[in-house]
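As written, the chains take the letters A, B, C and D, and residue 1 is the first residue of each chain.
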Amino acid sequence: MKRIGILTSGGDASGMNAAVRATVRKGLSMGMEVYAIDRGFEGLLDGNIEKMQWHSVGDILQRGGTILRTARSERFRTEEGQERAVSVLDTFGIEGVVVIGGDGSFRGGMELSRRGVHVMGIPGTIDNDLAYTDYTIGFDTAVNTVLAMISNIRDTSSAHERTSIIEVMGRHCGDIALHAGLAGGADDILIPEIELDINRACRRILRGQQSGKRHSIIIKAEGVPVSTAELRDIIEERTGQETRAVVPGHIQRGGTPSRQDRVLASLMGAKAAELLYDDEESKAIGITGGEIRACGLEEALQMKREFNPMLYDLAETLA
Amino acid sequence: MKRIGILTSGGDASGMNAAVRATVRKGLSMGMEVYAIDRGFEGLLDGNIEKMQWHSVGDILQRGGTILRTARSERFRTEEGQERAVSVLDTFGIEGVVVIGGDGSFRGGMELSRRGVHVMGIPGTIDNDLAYTDYTIGFDTAVNTVLAMISNIRDTSSAHERTSIIEVMGRHCGDIALHAGLAGGADDILIPEIELDINRACRRILRGQQSGKRHSIIIKAEGVPVSTAELRDIIEERTGQETRAVVPGHIQRGGTPSRQDRVLASLMGAKAAELLYDDEESKAIGITGGEIRACGLEEALQMKREFNPMLYDLAETLA
Amino acid sequence: MKRIGILTSGGDASGMNAAVRATVRKGLSMGMEVYAIDRGFEGLLDGNIEKMQWHSVGDILQRGGTILRTARSERFRTEEGQERAVSVLDTFGIEGVVVIGGDGSFRGGMELSRRGVHVMGIPGTIDNDLAYTDYTIGFDTAVNTVLAMISNIRDTSSAHERTSIIEVMGRHCGDIALHAGLAGGADDILIPEIELDINRACRRILRGQQSGKRHSIIIKAEGVPVSTAELRDIIEERTGQETRAVVPGHIQRGGTPSRQDRVLASLMGAKAAELLYDDEESKAIGITGGEIRACGLEEALQMKREFNPMLYDLAETLA
Amino acid sequence: MKRIGILTSGGDASGMNAAVRATVRKGLSMGMEVYAIDRGFEGLLDGNIEKMQWHSVGDILQRGGTILRTARSERFRTEEGQERAVSVLDTFGIEGVVVIGGDGSFRGGMELSRRGVHVMGIPGTIDNDLAYTDYTIGFDTAVNTVLAMISNIRDTSSAHERTSIIEVMGRHCGDIALHAGLAGGADDILIPEIELDINRACRRILRGQQSGKRHSIIIKAEGVPVSTAELRDIIEERTGQETRAVVPGHIQRGGTPSRQDRVLASLMGAKAAELLYDDEESKAIGITGGEIRACGLEEALQMKREFNPMLYDLAETLA
């Protein structure tokens, strides 16, 4: 393959820029032309496409967000839009596209793939919710950001002897909550994968109080089926301890990417360029068992995430 | 004076521990005995009072929150409670008390002062809302924390070309919003001191869009008379740009204190010990014109904060 | 096993406290008694041993360094010392010991193991230089710290159009340099595993200048056989660009541990407690292929680290 | 005045970009044309001058270093060079120049001023060594950076029970050492303004050991007349405690500027634009007594810095 494109789509994630840089420079180093597609599938439809040089991706490795921007595209959801997208790619002579994003972005990529474009998916989402890979780009940074928040919250919760609930991102996947809760020493962790049991959370808070703890911290993933405000009220009532909730929201995105996210993104970005150079069929690039691996894009989308309770159980044991 | 007490009260603020350390060690170095009163006026009523040694305040300078804890006290609001508090101090032989906190804490201190206790107020509150001092302890750290959040929000807002509203602390005083907005390059700043004009905010967002900005950031103090959710809806509707809101809440408290807060707290804590050593009447310690100064505690409470529009105007000019 | 001990030894690493917490609480939760041995093998000889409670390891998860302290022990290097150590353990009724540290600490553990003590080694060293495990505790945090430094250095190098050399830790293993260099976008990386070629570094700097880069950054591991001062002089002379060197030294240790180090440490600490509970023979606990695994302690020490040039080549390609 | 220039010179300092932004935008908002002079006086001689737009200074407020770059200029030291510089400014029609830098940069500015150019000096240097202003831009950020390093060093020093010496920037002025030492709880602070007394430092370390401290930290300014290596040897020998030294060097520059530096830089940058707009004579802009003030540029250069021992004495008392 001689000419490839790259886009970012869906929610942004720290490390996306490192992946863009890796694909662009690896591609250039192998003699390919690399085109940046601005604003995801929407920009593709608009022909917002620009040829990248080596220096085009300078000074971005350490930046959060994505220089390629991202956007929702209603137009691309239609068959007509998808066909138009392929025709735009044809116009530019682009034979393969690297799509950095989550589930929805990969589905978009599949639509291009079905129409003959070679698509390499790179998992860029803070949620870590893709079944085919152990880690997604942005997850590690997001959890480190939450850990810094927990540190602040611990100071003030301890001063006031309060319970604090922190609602973190994760609609269907509790991984941010799970890792932040284990690594942050939360008293209880509420995630979509485990049936909600508010009484258990209350028991753990009370047990902590009795053993002399000054404060309690509960981490809750946004996908847990109780509103954070309601949860706060119930916990305060049942434990008798003043309870506050905080929802850091989009602060969890962004921020300079961590070592893990930069290294992972660099490896995956380069791998995507190599696979396209070799004219490989559409694939999803992941990391499993500590190794960068690629599986069929469609296959990746069909895999179901299995919840491994090990970290959850460990967190509950150690809290 | 030979024997003094120290307590923290109201919302915690980063740097309180530095002030506690300074009062304790300065007091000890002058030959006084220093007693820590745990959990503010509530702990005073309960006699939660402990003699401090040099090492009692080791390794706390860099910690957020307050090792003395803080609590609300309904009992202390009554005349009976206040008299009991004085009698507890008598029992311990404590003649003077350092009170670290905000407005409400100083009013509590006044009640002790009226009953013969020498009280030195140290301004510990992130809101910077005390009229008699240019800076309160905790303010600088809180704004630095908000600036780090704005940095994250900017990454993601820029990737998605969104407007982001960040609601920061400040019920009656917009200083956190003002400094964070000026220093963070916010497109508009909404504070209680300036009449709310949502259309102005919308105009500034639209002007930014037209000049090619990828995103807009609005900083709003919590005391502004419109809910953040409502504001979000109005701005999104009027500007046509996707708008998100985030309320970092208690994350703004806590965190390791900044240089300014540690230095300020050390100076003020030492000053409080000196004033009590010299048997001075009750005073509020502040910083004005770059100098640590003390004025009468009652006088400090009666001063009205005047809003200086200079920073606000500058922020609007530069955004 | 009913009674176990835990010690940290060698250079401290961020996450050691998380491992201590995990071993202690997992051990207690299974009904064992857990004893903390203060100051490594030296403290063991001195009988500095204390029974741990649940709360003994509260509020340490987020702290760098090690609450158990660490020390060199000349006495323990002798046969006499080692026998005395075993007899101290006997006196306390401690049958198994968790040793958190690097190569040298594991060798110390082997001496206990040969005398009948069950020893579980947990890899705690920022250098990532143990052959039997993909990651050691403290490595990820150290690289993140170096990345923050590179960010500062980049600002000032760019302002002055300088070359900056950053000497990072790593006597025999270049992993900190390698990851920091790849993730930090260094122009060249000098590590002990790759033959020193100063001309290549100079060529890369000159190439960067010609393509319009304002500055260059070279990451050098301390084990590379040229002094950093000498390297600076040679590079400055050969490239004609002003060159500065910085040696952050022990700042690379310490600091609040990252997500990866806290999760890894928690998993490994718990695993060590489980293995001792099950009366397993001495083992080294590691992570390979994304899974926590244990191999024989002696076997672990005999494994030779193989250098995988993949990351190095990638870094050179992308810079 | 209708057309002004701006340059940064000398060592870079965090917040310079905020000052550049403020001058440019304030100038534009008053209807002036603002020209950026790249690479200080050297770039001025080369005519590296570019007209600035509103968006030219977008997204720089939060960046360390200086987008205008800085350089040494031998040519500008000569009378010939200075006359040429004035003639370049004439060619561009630039009547006034904002010079952001330290002592040496202001002297350069004086040479322009003597030849009829209106020069406004903004104090941009991390050293805080200008007599006419209480604070320089970059100082607060640099001390906060050093405080983060001390935090890391404390972790590891405590684990190993060591003394650590941290050499910070400051050739003639010990302010970074002084503030970092007070705010970081250093056991002793060595600055050029106080006569070197290594025995006092040793006594303080020994006193700390006797009172049960696990570690000691000594902050030394680079201008203190003993090499850090030598100091290390002496302290280790006299105290008998293992002693390590670290020289963070240029890491102290750079980094995202703090609230104080961004606010100060914004105020000063705007003030400089206003003064030029009003055709004021050459001035140095500073902050004294909490207020932005301007004094004659020559007068500012002639002022001698007086050392106020208050912070030093306080640090010694509280350590």
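As a working rule, a residue touches a chain if its C-beta (ideal position, glycine included) is under 8 Å from a C-beta of that chain, and two chains touch if they have at least 3 such contacts.
Everything numeric here is computed off the predicted structure, so don't read it as measured data.
Enquirer: Computing the C-alpha centre of each chain, which chain sits at the greatest distance from chain A?
Expert: Farthest by centroid: D.
Enquirer: If you average the Cα atoms of chain A and of chain B to get two centres, how far apart are those centres in Å?
Expert: Those two chain centres are 35 Å apart.
Enquirer: Quick one: report the Å distance separating chain A from chain D, using the average Cα coordinate of each chain.
Expert: So the centroids are 40 Å from each other.
Enquirer: Taking each residue of chain B in turn, which ones touch at least two of the other chains?
Expert: As it turns out, chain B has residues touching two or more other chains at 151, 154.
Enquirer: Determine which chains touch and list them pairwise.
Expert: Those chain pairs satisfying the definition are A-B, A-C, B-D, C-D.
Enquirer: Considering only the defined contacts, which chain B positions touch chain D in the complex?
Expert: Per the stated touch rule, the residues are 18, 21-22, 25-26, 29, 54-55, 58, 61-62, 134, 140, 143-144, 147, 151, 154, 179-180, 182-185, 211-213, 256, 258-260, 262-263, 266-267, 270, 288-291, 311, 314, 317-318.
Enquirer: What residues of chain A sit close enough to touch chain B in their complex?
Expert: 8, 11-12, 14, 16, 39, 63-66, 69-71, 145, 149, 151-161, 164, 214, 244-255
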